[in-house]
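Note that chain A is present in both complexes that follow, paired respectively with chain B and with chain C.
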Partner chain A sequence: MPQALLNGLVSGLLIALPAIALSLTYGVLNFANFSIGAMITTGAYFAYLLNVGFGASILIAAPLAGLGLALVAVAIQRSVYRWVGSDHITLLVASMGVAFVLENTMRFIYGSDVRTLDVPVARPVQFYGLRLNHEQLTIAIVSLLSMAVVAIILKRTRLGRAMRAISDDAALADVRGIDRQRTVDWTWVIAGILSAFAGVLIGLDGTVEPLMGANYLISVFAAAIVGGIGNPFGAVAGAILIGLIEETSALAVSTSYRQGVSFLILVLVLLLRPQGMFGVARITR
Partner chain B sequence: MNAASPSLEIKSVSAGYGASDIIHSVSIVVTGGLVSTIAGPNGAGKSTLVKAIAGLLRPGAGAIVMDGRDITDFSPPRRALAGLGYVPQEQNVFRNLSVQENLLIGFEFVRRGAPASQYVTARDSVLSLFPDLATRLNDAAGTLSGGQRQMLATGCALMAEPRILLLDEPSAGLSPRYAHEMLEAVRAINARGVTVLLVEQNLVEAVQISHNVIVLAAGKVQGTWAAADFLGDPTVQRLFLGGRERRIAADQKSGSGHAASAA
Partner chain C sequence: MISYAVSILTFVSLATLLGFALNVQWGQAGMINFGLAGFYAVGAYTAALLSKANVDPIAATAAAIIATAIVSGLVSLATLKLREDYLAITTLAFSEGVRLVLMNEVWLTGGTDGIRDIPRPFIDLVGGDRYETAFLGACFVLILVVYVILERIIRSPFGRVLRAIREDDVVAATLGKNVLAFRVKAFAIGGAVIGLAGALHAFYFTYIDPSEFVGVVTVYAFMAVIVGGKGANRGLLIGACTVMVLLEGTRFLKDLVPAMAAHQAASLRLVLIGLGLILILIFRPGGLSREYRLRVAGQLHDPSSRA
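Right after this comes the complex of A and B.
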């Protein structure tokens, strides 16, 4: 059981990265980005290209993959989302289309083969009878550092205040002189970097293949919604909860039902507390 | 700034939602350095006019000129940068952000690149105008009372040091004490040199702090009066003021003025 909790915590930290990305774009653009899974996949392939294709160390490949996906995300915003209007259903459907394009581009180039990143093998860390492998340690460190950086951006910078202001009331943000397009672009930069990091970390712990991100889609959505969609800090708590429940449920049911467990939590939260753990019921007048 | 020059000119503006216009060919001149009040019954088109001036609603026809510059095609952020401050009637603060963050946002996007010392000066000036906010700086704006929220919204607009301040019913829904304080604050803001365009239901008090009153009814300008002549004008009373308002106006003249703020 303690081992399952530890694995769940690490798994939650991993889910937290795309869950934060999902929450940020939901807050600033007001739509549910279904391409988040495909973004994770694309980020992982970018790192694979640099790491295996060009022989770059993963320490160089991962940040560059983040940068590459950030640029792709901004390009998609400017070429797709900006033009489909502001209706959240239209945007959601557009993001499904984007997911198909991204995923199949990777499939077209690399095929459906399962690939692995080229990283040195290291011994797991053992303490108090618990086992933490090197990849899990990397996941925990990268995830915690990324969260700290996002928290600082949101709380302490002008960009962060602009993002939170737009998320709170977009019309008022306009009145206050906030440049919405610019803020939206930067939100995609952050979402792109977080998604790419998640892709690399999943690739480190497992394999790189076209559906790797899509396999996390339900967990990521469940995390963001459990935490109160649009609230990035809630998304972290939601992700850890989802990670813990997924891993501990593996003690009782087969791991192939892992997504089913997330889905069940998602449905329960939507039925019982649609605003999420930390969301406030919205009062509309 | 030449006080007698027009700060804001609304030139034959028609605007509305969808195909039908709510305001028809409205022309208003807002004189620099003064407080002008737009009065009119519910449904007169006051909010539509305010939204058109603020840039939230694109006029179907006409032009909006600020300090001689045509701003009709400016987006709301660009209008803010040009020196137009706007305080919406509702949803006028970022509820999940702290009071302090709201004030900072009011400053930092319009006065980009200004040194931090200017922020402190602007904030202290707002807090001296609205001392209630000083004890609530770290609280979420959504937890403020209605009156305090209105003060914060007005304070946020002032943080940008606008030349013209557009206030949409600042005393609406407030207790008499807060309504009075708000309108006194408007007087103080104007005394600092800001041109004010005010939309107000609380007419008797609004007229006392105004220089001019413009009456809007059925989407059209019915006339402009000097504030001093407004309440006593028989045309105004016939055209616009209901029986109750007229009684209050009479009370006001005879010196029992507190009746007005109890409305």
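Right after this comes the complex of A and C.
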């Protein structure tokens, strides 16, 4: 049981990265980005290309993959989302189309084969009878550092203030002279980097394949909604909760239904506390 | 060649039915259904399992329609006081759940092996050699029936309330409409049509397995609706045909570019479909045909104005 809790905590920290990305784009752009799974996959393949294709160390490949995906995300914003209009349902459908394009482009280039990143194998760390393997340690460190950086950006920088202002009331932010386009672009940069990191971390712990991100889609959404969608700090708490429940539920239900557990949590939260754990109930249209 | 055309037209018929369903749920009521494939599977498996148990095919189809409608209504209950985004993820998660059940409950669904030798309805009556053509004819008749029923619903006061809810649920609620009840009914009506399509799918292919009910099916249906014009049933047939032509046409890509491997051609097709969806959303958001109400409104005012 303590081992399951530890594993759950780590997998929660992993889910937290794309959950933050989802929450940020939801807050600033006001639509649910269904391509987040495909973004994770694309980021992982970028790292794979640099790491295995060009032989770069994963320490160089991962940040470059983050940068690459950030550029791709901004390009998609400028070429697709910006022109689709402001209706949040149409944007949502468009993001599904984007997911389809990204995922199948990766499949076109690399096929459906399962691939692994080239990293040295290390012994698991043992303490008090608990095992923590190297990949899990990396996940925890990278995830906590990224969260700290995002928190600083949100709370301490001009960009973060602009993001929070738009997410609070976009019209008011416009009136106050906040540059919406620029803020939106930077939001995609952050979302791209976080998704790519998540992709690399999933690839480190498992394999790189076209559906790797899509498999996390429901957990990521569940985390963001449980935490109160649009609230990045809530998303972290939601992600850890989802990770813990998914891992510990394996003790009770068959592992083949692990993904089904997030679905149940999602439905329960939507019915009982639709604003999420940390969301504030608001009258919205 | 004729049999090829017949099979393509049967696919188009199934896609049209799915498009009709999506047009009620999304086009009229503004409720996104990203789990269409899951509901489709519910219909197909219900019909298949019942006919394997020697239930009359019409009764099995009816059961598939009712089961899918009930399941759809239940899933849409998650929209209780919520934005439509949540329904999108809930339905997507639902269809994943359906897939898990289909793959793991081998005693019921045969797992990944699926269900084979589903008896074809009325095969003694029609005979084996003309069966496909007769089946296509039956599909056309059913499409016509569903079209007439849906058009009646859309033009009824019920349909008007659905559009009001789609445009602004708070206003609709203020006017005393029970928004949740209307939404659940709209989703269930769409579900019934998906159930019918699922049953036809099972009877036509006589073999079903979980890999047939994946997200691609949902994307095709969305594509058909977007091309045909959201909310407009008449454009849907054109939409479904266009999607099928695109799908079948891109099948020949492989022959044009000999260096391409089969899996590459398959994924390139899917990339093109995704791109097509995005391009239509950007350049032709209204689709080829217009919704009934907007069409009428356009004739009264400026004919060039678009919704």
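By definition in this document, the second predicted complex is superposed on the first by the 283 of 285 C-alpha atoms of A that agree within 3 Å, B and C clash if a C-alpha of one lies under 4 Å from a C-alpha of the other, contacts with A are read in each partner's own complex, and residues count from 1 in each chain.
Operating definition for what follows: a contact is a pair of C-beta atoms (placed from the backbone, for glycine too) under 8 Å apart; a residue touches a chain by one contact, two chains touch by 3 or more.
Computed from a prediction, not measured in an experiment: that's the story for all the values here.
Once the two complexes are overlaid on the shared chain, A:S262 sits against chain C while remaining clear of chain B. When the two structures are aligned on the shared chain, A:V98 is found in touch with chain C, with no touch to chain B. In the superposition on chain A, A:P124 makes contact with neither chain B nor chain C. With both complexes placed on chain A, chain A has more residues touched by C than by the other of chain B and chain C. Looking at the shared chain after the overlay, A:G53 reaches neither chain B nor chain C. Legend: residue contacts after superposition of the two complexes on their common chain; A:R158 is shown touching chain B, with no touch to chain C. Shared-chain residue A:V80: touches chain C; no touch with chain B. In the superposed model, A:L271 lies in contact with chain C only, and not with chain B.
Where the contact sets of chain A with chain B and with chain C meet, they give residues 285. Across the complex, chain A meets chain C through its residues 31-32, 34, 80, 83-85, 88-90, 92-94, 96-101, 104-105, 107-108, 111-112, 217-218, 221-222, 225, 229, 254, 256-257, 259-260, 262-263, 266-267, 270-271, 274, 283-285. Listed in rising order, the residues of chain A touching chain B in the complex are 158, 161-162, 164-165, 167-169, 171-180, 285.
Contact residues of chain C toward chain A in the complex are 26, 30, 32, 34, 77-78, 80-86, 88-90, 92-94, 96-97, 100, 103-104, 168-170, 219, 222, 226, 263-264, 267-268, 270-271, 273-275, 277-278, 281-282, 285. Looking at the complex, you find that chain B touches chain A at residues 54-56, 75-77, 80-81, 86, 88, 90-97, 101, 104-106, 108-110, 156, 160.
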